[in-house]
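Here's the structure, in structure tokens; my notes come after.
A, B, C, D, E, F, G and H label the chains in the order they appear, each numbered from 1.
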């Protein structure tokens, strides 16, 4: 249902979190390494595949001069979710700008730099599906409720806030 | 079908482009000013409304310490698309980071700073709908084809590239 | 007297310094985890509580797209002091801009990124109280005098500056 | 009740908004040009005056290598609110960092770059006073309510959101 | 001999300077609009054409999330010279990082943001040709000599530097 | 055939990758430490040598206020390829801007910060040579094909993308 | 006594302020256009001249990849004062980093971006001379006293600070 | 002859390099911790002392919102050399801007962030003294010659550059 691609195997450390979230929310996915710069000929192929398979969206992670999300968005109408991988020298500022600053006409939905962005892209994919798929919606609602409860259960938050000694 | 909100009336100069795109692609929308900071009590109200109406997504534009997209995403499972409005002192760098750097758990799909981002959020909304709505898909495909043709028709690109005099 | 909140338990490493300062200066406080994004429904609740209890101020720490301080400021007139927690990819530049760049109308008093900011928010809270509370004023003056004396006592500074061998 | 200082007469364009807000909220103030670099000898004088007069706080605006707020905070325990004035080359990024990144021990409460920050510093000063002064609290509450109503009255927001033609 | 491409007609204001330099140095060129995002299918076509024609290099200008230079470099071994066009919100910082931060394996030679970069890309192309083409080398040497002489002829520089009145 | 210079011996950790690539592609090179600031008198000497030897290009790596590439470009018409070495405090942002932002008239072809840039400068040098040297062209084509195959051989990419469990 | 150089005639708008200050303080100077990139051969010549004439210092202004101050510092032991000229795309951030981030061994004393930096470089030159020249010291002291008096004379600062109407 | 001050004992790791250089070049110095924010009352005292002792200059290192160099420059005509200490969150970008962006009228000569800047401030101090002190000049010339020779002696640079195997 959802395609997950990344520019290099080393991006898996970041993108693995997206797969975990999709699995937890019961969203089917396929995953592959796909490099805008090293395998450019696969871009139109994968774009066509995404349309043929009726993928709900493509989650694409890349770092540095990160062209993968934007080029997939150029080759297919399937919604593309971009994850800026944290780069070595510039901490993902280059990745972020290379993904988010797309010109008018070809959008990429961009998420936070690094692991938080990968997880959130997966959550967003689930939220997209949840608008028409009741089962995903129920699992997403449960995830969000549990997340809220996790904060409420924090010993720091118990209706009796910890008082200073003063 | 799509909700469009903005933090201040002055954001309309930027966000108007999103409405134009939605209209051109035949996507129904509602629009309103909604301020995270000046009308915070409306955030849960609007989130609930979005779920009740079954909005496909919410496009939210804001500038500076732009909290509107993220707070709507906190109050509703409906997908939120954030548009960083170009701010006066920092040219939208504050808007961008305030929207895109959401923590894991609550995603906001972020687009480019300014008018390009507003148009692209609308195109992305259409692409989301296009996965299940054939009519929108057809109009989106036509838009993309026309956009491509616009480049191909450019007098600079006619199969006979302009040669230098050398 | 002072409320201290933070977006996540992991912010405690930063915010603990604020509690230490408050305790040292004899300022009563309560502390809790409160997440703008994961527990948004608590924002108005906590805002109302702050007014009901007559808190002198709220110290709120958060990182990344840090919306907690600004949203509390939206929900209550009680002064909010924001502490940008150092984030992983952008070292707190995102936290800082998300907190300090509030639009006209809803202020957040912002302090330095990280532990220095947490301590200074607590010192500022004490200074606010000191304008009407003589006991806090005395303890704050003692703290400041001791801090000054700490520099004066430095072996490098003894009225006989260390001379180079030249 | 509140002291307002600025590093140069040219900062008045920015800081004037603080005076307007204070006047509107019925908060007494005094205002003067005070330069950390050109009149450094006045820093301890003004700090002592602030304590002697019992000023509730000092609002200090400055641009570039903006040392005025931090140096006043060094010379007095009276709370200092810093406003980063938008600078020519760096748009106030230098002003912001010079004011907000104070080391642990000497806090400056910092607000947004430019006019929004000036207004918000004044609103924050009023909020500080409102914790003990019922008249200011009432005026501040009225200001906040009017501000909220201003959004609600926007023709874009009338309970009947404007629908797209689609 | 040299291919000049740009992502949009509006980039001509910047890229025109490259054409002027090529013309002045007697370097043949062809020019066209070619958009990575709006005409992605032309990327492999143009890459193949560049190899077939034996272009010495391709000068590619683009702004924002500027993927054109990098994608051409992915599709052809012909050397690609990238020119970051100054973008509206971020002044070309996004363009620069999107072009220069290419991952190891697929290089783009990057030049300054804006008009200076466009001229310099053309001068660099001429310098590449000059290593094997004596006529271009002579014209390039003459250009460089004239440029030096232009400074030497400045009335400020005449062997008798202007003395202050002191 | 290619000159490789670096501002300091410590830059070898970065620049070594360029030598590896040149060696792998069978491109002859010479290498030396050459400091714009500590051995400025060698700049014109090396520039003249480069022209006398007919070097195809000079690859110059430097960090911080990195003047080596630009000054070599000033002293010789031989094409200069600049590699911004990652600096300690600013992660190479200073190196990058000091190299890429050359004024119109004296170009430096700039590559990514750090090791990726060093390798890419070498690949670019090979691509320059490949336009007239069939043997280098063949080796470069083989390198690029192998690089592409490396991605295709990734177990993640086998025509049967890994499916999620959902 | 002081040499003033600038990378291009267009820098005069910025550097003119340095000349005004020198003239006002009775410091003799010579001024010329000297380009690190377009007239590199003059760098050692000018460095030698500076030593031969016994210039107290050289004030060098340049923009973008501003190499002029650092290269002069490499060619002469005479102290070099660098002024980062505000550049078009990056507002002088490139100029500043290219000048200030010199490696250990070859210092450049750097001042603020633009006109303030030019004036301050001249004031610093005067302060250097003032350590041994009583006449310059007296004029510098007078300048500083007048500058202080200018603030004290401001109608905003008259011992009777302007009170708010509240 | 030269005063060296630093905002905190922890700055010694950075500033120690300045003392080493001064000692090596036979320049007498005194050193002390002096905090703009924790010991502000010492600023005028130290400024007066510097003038009374006839210090050639003051080297001042500080980090974050680094006000020490600028405030000393405000309190004394003695030339101030500022060293931005690398800060934790922002790597010294805040320190640099807080020191270098002084307004017109009160200059601080600024050097690189961190240890390189500390050493260079000391070298600059020596260069200032060298204009009138032949002994320092001789030692400075020897230092610079040795530094140049260090590069020339590098095994990488021996007149027979290392050739690639190709």
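In this text, contacts are C-beta pairs under 8 Å (C-beta built on N, C-alpha and C of every residue); 3 or more make two chains touch, one makes a residue touch a chain.
Keep in mind that what you see is a predicted model, and the values were worked out from it rather than measured.
Touch-path distance (fewest steps) from chain A to chain D is 2. More than half of the contact pairs at E-G come back, by residue number, in D-G, the repeat among D-H, D-G or A-B. Rounded to a whole number, the gap between the C-alpha centres of chain G and chain H is 18 angstrom. Rounded to whole angstrom, the centroid-to-centroid distance between chain C and chain F, based on C-alpha atoms, equals 47 Å.
Annotation: 50 Å between the Cα-based centres of chain B and chain H. Centre-to-centre separation of chain B and chain D, using mean CA positions: 33 Å. Contact with two or more other chains is made by residues 38, 64-65, 90-91, 93, 100-103, 105-106, 108, 112-113, 116, 147 of chain F.
Working note: touching chain pairs come out as A-B, A-C, A-E, A-F, B-C, B-D, B-E, C-D, C-H, D-G, D-H, E-F, E-G, F-G, F-H, G-H. On the side of chain B, the complex with chain D involves touching residues 1-3, 9, 19, 22-23, 25-35, 38-39, 64-65, 88-91. Partner chain H is touched in their complex by these residues of chain G: 17, 54, 56-57, 77-79, 81, 96, 100-113, 115-116, 119-121, 123-124, 127-128, 130-132, 137, 140-141, 144, 147.
Of all residues in chain F, only 7-8, 36-38, 40-41, 43-44, 63-65, 67, 70-71, 73-75, 87, 90, 93-94, 97-103, 105-106, 108 touch chain G in the complex they form.
On the side of chain B, the complex with chain E involves touching residues 86, 91-93, 112-114, 116, 147-148, 150-152, 154, 156-157, 161-166.
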